[in-house]
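What follows is a set of structures for review.
Consider the two complexes below, in which chain A is the common component and chain B and chain C are the respective partners.
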Partner chain A sequence: MAENQTEYYKIERAQEWRAEIRKNIKVKDRTEMIRVKMLEQDPLIRNKNGLEVNLGLTEELAVTEAQRCIDCPDPTCITGCPVNIYIPKFIKKIEIRDFLGAAQVLKETNSLPAVCGRVCPQEKQCENSCFYTIKLNKPPVAIGFLERFAADYERNSGKINIPETAQKNNIKVAGIGSGPASLAWATDMARMGYDVTVFEALHEIGGVLKYGIPEFRLPNSIVDIEINNLKKMGVKFVTNFVVGKTASLDDLREQGFQAFFVASGAGLPRFMDIPGENSINIFSSNEYLTRINLMGAAKDDYDTPVPFGKNVAVIGGGNTAMDSVRTAKRLGAERAMIVYRRTRNEMPARVEEVEHAIEEQIEFMNLNNPVSYIADQKGRVTKMVLQKMVLGEPDSSGRRSPVPLEGSEYEVDVDIVVVAVGVSPNPLIPASVKGLETTKWGTIKVNEQFQSSIEDIFAGGDIVRGGATVILAMGDGRKAAENMDIYIKTTLKHKSND
Partner chain B sequence: MIDLSVQYAGLFLKNPIIAAASGHTSSLEHLIELEKNGIAAVVLKSLFEEEIINEFHNTLDADDQFQSNIEFLDYYDYELKKENVNRYIKLIKDAKQKLNIPVIASINCVSAGEWTPYAEKFEEAGADALELNIFILPSDNAKTSIDIENDYFKIINSIKEKLSIPITVKISPFFTNVSEIIQKTSKTGISGIVLFNRSYSPDFDIEKMTLNTSNVFSSPNDYTLPLRFIAMNSKKVSCSLAASTGIHDGSALIKMLLAGADAVQIASCIYLHGSTHINKMLVELETWMNSKNYLNISMFKGKLSGENIENPAEFERVQFMKYFSNHEI
Partner chain C sequence: MNTIIDKQYFSEKVVKLTILAPDIAKNRKPGNFVIIKIGEKGERIPLTIAGADIEKGSVDLVVQIVGVSSHKLSALNIGDAVTDIVGPLGQATHIEKVGTILAAGGGVGAAPLLPIIEAFKKAGNKVITVLAARNKDLIILEDEVRKHSDEVIIMTDDGSYGTKGLVTAGMEEVIQREKIDLSVVIGPAIMMKYAAMTTKKYNINTIASLNTIMVDGTGMCGACRITVDGKTKFVCIDGPEFDAHKVDFDEMLLRLSAYKDMEAKAYEKHISCKTQS
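Right after this comes the complex of A and B.
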């Protein structure tokens, strides 16, 4: 933590209102309070509708949870947040029922608090660094629930605070892709007075927030409100525009753009390359989720429907796999299965998503791996051949590796398979920009300033990380914005000196 | 004019020397060099499952940015496998385009599972044959020797079912009754058996007190092991036999042919003496044939095999006892 930042936290913590509420409840009493539970739809009702699973906290629950926070002198939770939200301050604002004030604190560093409050893996980030987790071995303060509460409160109040922007400097900058990295970058660039345009290949803005995350986890309307805030700040969005195809970066340079932030994501699906994987009704998770989330494929009146399927198998154990299998259940699957080659302990998916899936009667076939698919005469998948696995020695990531059990193959009836075994970076920009250095993973190489091998191109999010959480992508966007500003000012200074 | 050509596993070879799967058969440049020096066929360097797993671990270690990104990496071994297989397919295609000799693909496997579809891809890419380099290290205490032997046949049968090109199998000598395994394997419908493969053996560095690699090259004395088993089995098998391990000169090559081998595979001597050594071995073979008035290899192939000598037991214990009784201390 930077020294001046530490000093800032110290000064803020010493403010009278904070000191006052610390006195109201003894630390011992705070730490003995029980973590509140998120209100949720009934699992057996929600698994038949597309409505949001989590219903949010009531004001009373939020205040109660906020009281658990002991307002540490050394707020370790902040170090766990990629965008450094001033967590104790916003929580204490909730404790004194200044809910709009809490939202304002969130927005100082996070342009998408309602989104992050819903999809961030807080249990691996801020909540994992909470005093309760580190020192008390107790459930952490529900920072994510409170973030969502404050953001939702502000939105529902109709008094949405639009961040102030500096005087326009008329310097044009472009974002490529409109996912979380780009939205965070655009917010900060607009705040600094830049003329910001975000180019999006699809017809909707929001990137993975819209096409990848189902509405039962993150309603599109929430994303749209955050996007509208950006529009109000002056950010321009151009949809159906594929940079590298519709126009090249050189074309955009000619149009006066001074710098670019590439956040084109990881939209290239991966498959396992096993026999029968090309059969009809075997989808990549990208295709399956995009068609349903963004293109109305689950609706009767749309031209490109997806089949619903009685026996749906989703291959993988990440968040995308959970999103896919829970979507399939909501579309009427009698048997919606997760097929994962390790155990639940090794699953990359958020704990909450796995728990929700279990509650919704998703069948977990752990320690199983498909080795082939069998199709009917029309080429439609009818069976998957699974091989049983056992756990072997730990690999470099520390997780035990799956080892096939020879001769354990068996068949399971399926009519839809969704392959959710990861994605690779979108190759379009790396392939279309000469001299842009990439890694062996296909990601764009950047330095600590998120600047690529071409000086006016910055990059962040999945196109740099391969696959990242929303909040990590946003953190990249913010750092890239800060450094792009320095780059542009330095370049302009040199030009004026010439 | 002496004819050195042979038939091995249904393939026509201009002479009996095949380049075994090794680093020398892993790039097109090396393959061209081998052909230029007279090699009759090449077995491309094996695709090892373990190598792919190691590559995965090395990649992770070298790039800790991705260490915490479990969802990105969860199935990344499949991507590496695809990359490796695609590289291998390219090598097969390039080799087929540039070389005029048979190109044999090779898989080093401990299980059949996912290697079967890859084998089909190698056939599609134009490989003239496939060599299965099977070595199941008997480290699982729960398995009996029969279980392990059955695993070999499972692998052979599952791959055999899918391929129409000749399949050869390279085995180790570590069976209780290796002759029985050789004969049983030959009856599975495969086209050839290679005796024997060399497995990596760990060794200790007693100064540094660490684990290291033992000598990876065969020695010229190692040829006697395959020689014995080829001589004992060459007339009893229903497929071709190739000798491998310890064949470093023309003399060892000739001995293998006399024992009944259809061809030999060499690797260590190329590492030790360079590709030009192939030519030297061929000259030695031709000179010897000339001196014995053999016009082609079939005139002497198997002449000293177990079936063709008066007392085949000499290949077994009797010869051993005689040897030591003649060497007084």
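Right after this comes the complex of A and C.
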């Protein structure tokens, strides 16, 4: 952590109000308190409706949980958060019931706290670095739950705080894609007074937050409120606009855009290239979730169709797989199965989602891998052929890789299969911009300033990282904004000196 | 935005719409398509850009009414707006001077074919076009096609216009008669399958423009995937045009029927609601 940042934390921590509440309860008593439980819908009710699973904390629960945080002199939790939210400060604001103040602290570094509180893999990030986890071997402070609480409180209070914007400088900048990377970038650019336009290929703003992550985990209305705030800050959104197709970057340069932030995501679904995979009713998770989340296919009065299966198999172990399988269950599947080639311990999904899935009667077929699919005469999938796997020796990355067990193939009846084995970077922008350097994986190459090989093009989020997380994408957006500002100011200075 | 400025019926089931979309008009190339959506709850459907006018900032779409979405679109009138239109999508046709082109358009396939023959003709090729349909009413854009072709052969299944017979008969007649350097076939999947089999016999390079089911049209979902030369391709970003001799048309035909039953029900419901109100 930067020197001056540590200094800042020290000064802040020494403030009277913080010192005061530290005294209220003894550290030992704080550490003996038990971590709160999130209020949740009953598993067997929620797996039949589309409503949010987690109901949030009450004010009392939030304050109690906030008391567990001992306001460490060296708050390791902050280093675990990719955008370095000032965690103890916002938590202590909750402890003194200044909930709006807590939200304010969150917004200093994170423009979408209501989203991150819900979808961050906290167990790998902030909570994994909490004093409780690393030193006490106890459940960490529920940073994610508290973040969600403060953000929701602010939203429901009707006193949502729109960040102040600097005086308009009339310099046009464009974001490409409207996922979390771009939203975070746009917030910071608008704050600095830029004239910000975000172009989106789809008819809706929000990227994966809208078309991927389902309502039961992240209601669209929450994302919409954040987008509306950006609109209030003057950010312009243009939907149905595929940069590289509807207009080229050169066209946009001609229209006066001075710099670009490419955040076009990792949109391209991977398939396994096994026999029968193009049978009817075998979907990529993107297609399945897009039909349902973006196009409303499961609702009667929407035109886009989607089949409702009895036996649904989802291939994969990430968040996308969990979202797909739990969606299938909600659409009435009798068997909703996860087929994953490693064990539960290796699953990349958020731990909470795996736990929720188990409670919702999702079947887990670990150490299994599909090798082919069988279809009927009409081309519809009827069976998947699975092969059993065992975990072999650890590979170079230290992960034990799955090894197929020869001769172990067996068939399982299915009528829908959702393939959720990962995504590749969307090739549209790299293909349409000459001279833009990419890696061998197709991601855009950037330097530490998130600047690409072309100086007015910055990039971040999944198009740079491959499939990553919401908060990493947002962190990239913020850093790109900071550096874009420097870039624009220096080039403008050069121009005026010429 | 997206206002319909002209509408013309070619037949009871085929309508041409001219829609304001200046960016798309300016950047479209032969072979490109758009995705449109009607209403908040509508679905996204792909349609080829049959023509464009950069000055007016408009694109032409020729739509065959087959189900709910094409019906909703055809029901819009001049002055109405299309809720969403995005494009131009897909790879443009690779246009070059090759010699003699044999173009074949089945039914509404004449519309996507038009900008392609226009471009090939401009590039200095000789263009012979076979237009085929079930009957006279379904032969569309004949005059426009004639403008950009050296010769036009009309085929109808029932003989109500031109020569009686299938598109392949018309193609074969030309192939017997002169050397063809490239064939372009666009129409229903089944027509493209047989047209491709015909040119294959004579080893004529052939491209087909595929009309698979799509959702986003930007490579994000894989709904449009097909097998070409044993490999999975996405029609919306790798296509829509492919080497017709390498396309697995049987798989494509099956995949096209994925929602047949649901669509038929939805269409019935849609039409009965319309007639009641």
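Rule of thumb we're sticking to: the second predicted complex is superposed on the first by the 498 of 498 C-alpha atoms of A that agree within 3 Å, B and C clash if a C-alpha of one lies under 4 Å from a C-alpha of the other, contacts with A are read in each partner's own complex, and residues count from 1 in each chain.
The criterion applied here is as follows: contacts are C-beta pairs under 8 Å (C-beta built on N, C-alpha and C of every residue); 3 or more make two chains touch, one makes a residue touch a chain.
Note that the coordinates shown come from a computational prediction; the quantities given were computed from them, not determined experimentally.
Novice: Just from the overlay, do chain B and chain C fit on chain A, or is there a clash?
Specialist: fit
Novice: Using the superposition on chain A described above, determine whether A:Cys72 touches chain B (first), chain C (second), both, or neither.
Specialist: Touch partners of A:Cys72: none, neither chain B nor chain C.
Novice: According to the stated criteria, A:Asp273 is in contact with first (chain B), second (chain C), both, or neither; which is it?
Specialist: Touch partners of A:Asp273: chain B and chain C.
Novice: Under the stated touch criterion, which partner chain does A:Lys440 make contact with: chain B (first), chain C (second), both, or neither?
Specialist: first
Novice: Which angle, as a multiple of 10 degrees, do chain B and chain C span at the CA centre of chain A?
Specialist: 70
Novice: Considering only touches as defined above, state whether A:Gly466 meets chain B (first), chain C (second), both or neither.
Specialist: So A:Gly466 only meets chain B here.
Novice: Answer with first, second, both or neither: which of chain B and chain C does A:Val385 touch in the superposed model?
Specialist: Neither: A:Val385 stays clear of chain B and chain C.
Novice: Considering only the touch criterion stated at the top, classify A:Thr320 as touching first (chain B), second (chain C), both, or neither.
Specialist: first
Novice: With the two complexes overlaid on chain A, what is the closest approach of chain B to chain C, counting only CA atoms, in Å?
Specialist: 6
Novice: Touching chain B and also chain C: which chain A residues?
Specialist: Comparing the two interfaces on chain A, one with chain B and one with chain C, the shared residues are 273.
Novice: Could you list, by residue number, the parts of chain B that touch chain A in their complex?
Specialist: 53, 56-57, 59-61, 63, 65-67, 69-76, 78-79, 81-82, 85, 111-114, 117, 151, 154
Novice: Quick one: which bits of chain A touch chain C in the complex? Just the residue numbers, please.
Specialist: Result: residues 201-203, 211, 239-242, 245-248, 251, 267-269, 271, 273, 277-281, 283-284, 286-287, 290-291, 295-296, 299, 301-305, 307, 378-379, 426-428 of chain A touch chain C.
Novice: Sort out for me which residues of chain A touch chain B in the complex.
Specialist: 266, 270, 272-275, 316-320, 348-349, 371-372, 387, 395-397, 399, 401, 404, 406-407, 421-424, 439-441, 465-468
Novice: Note which residues of chain C are touching chain A in the complex, please.
Specialist: The contact residues of chain C facing chain A are 23-24, 27, 37, 41-44, 68-69, 72, 83-89, 215-216, 218-223, 225-227, 232, 237, 251, 254-255, 257-259, 262-263, 266.
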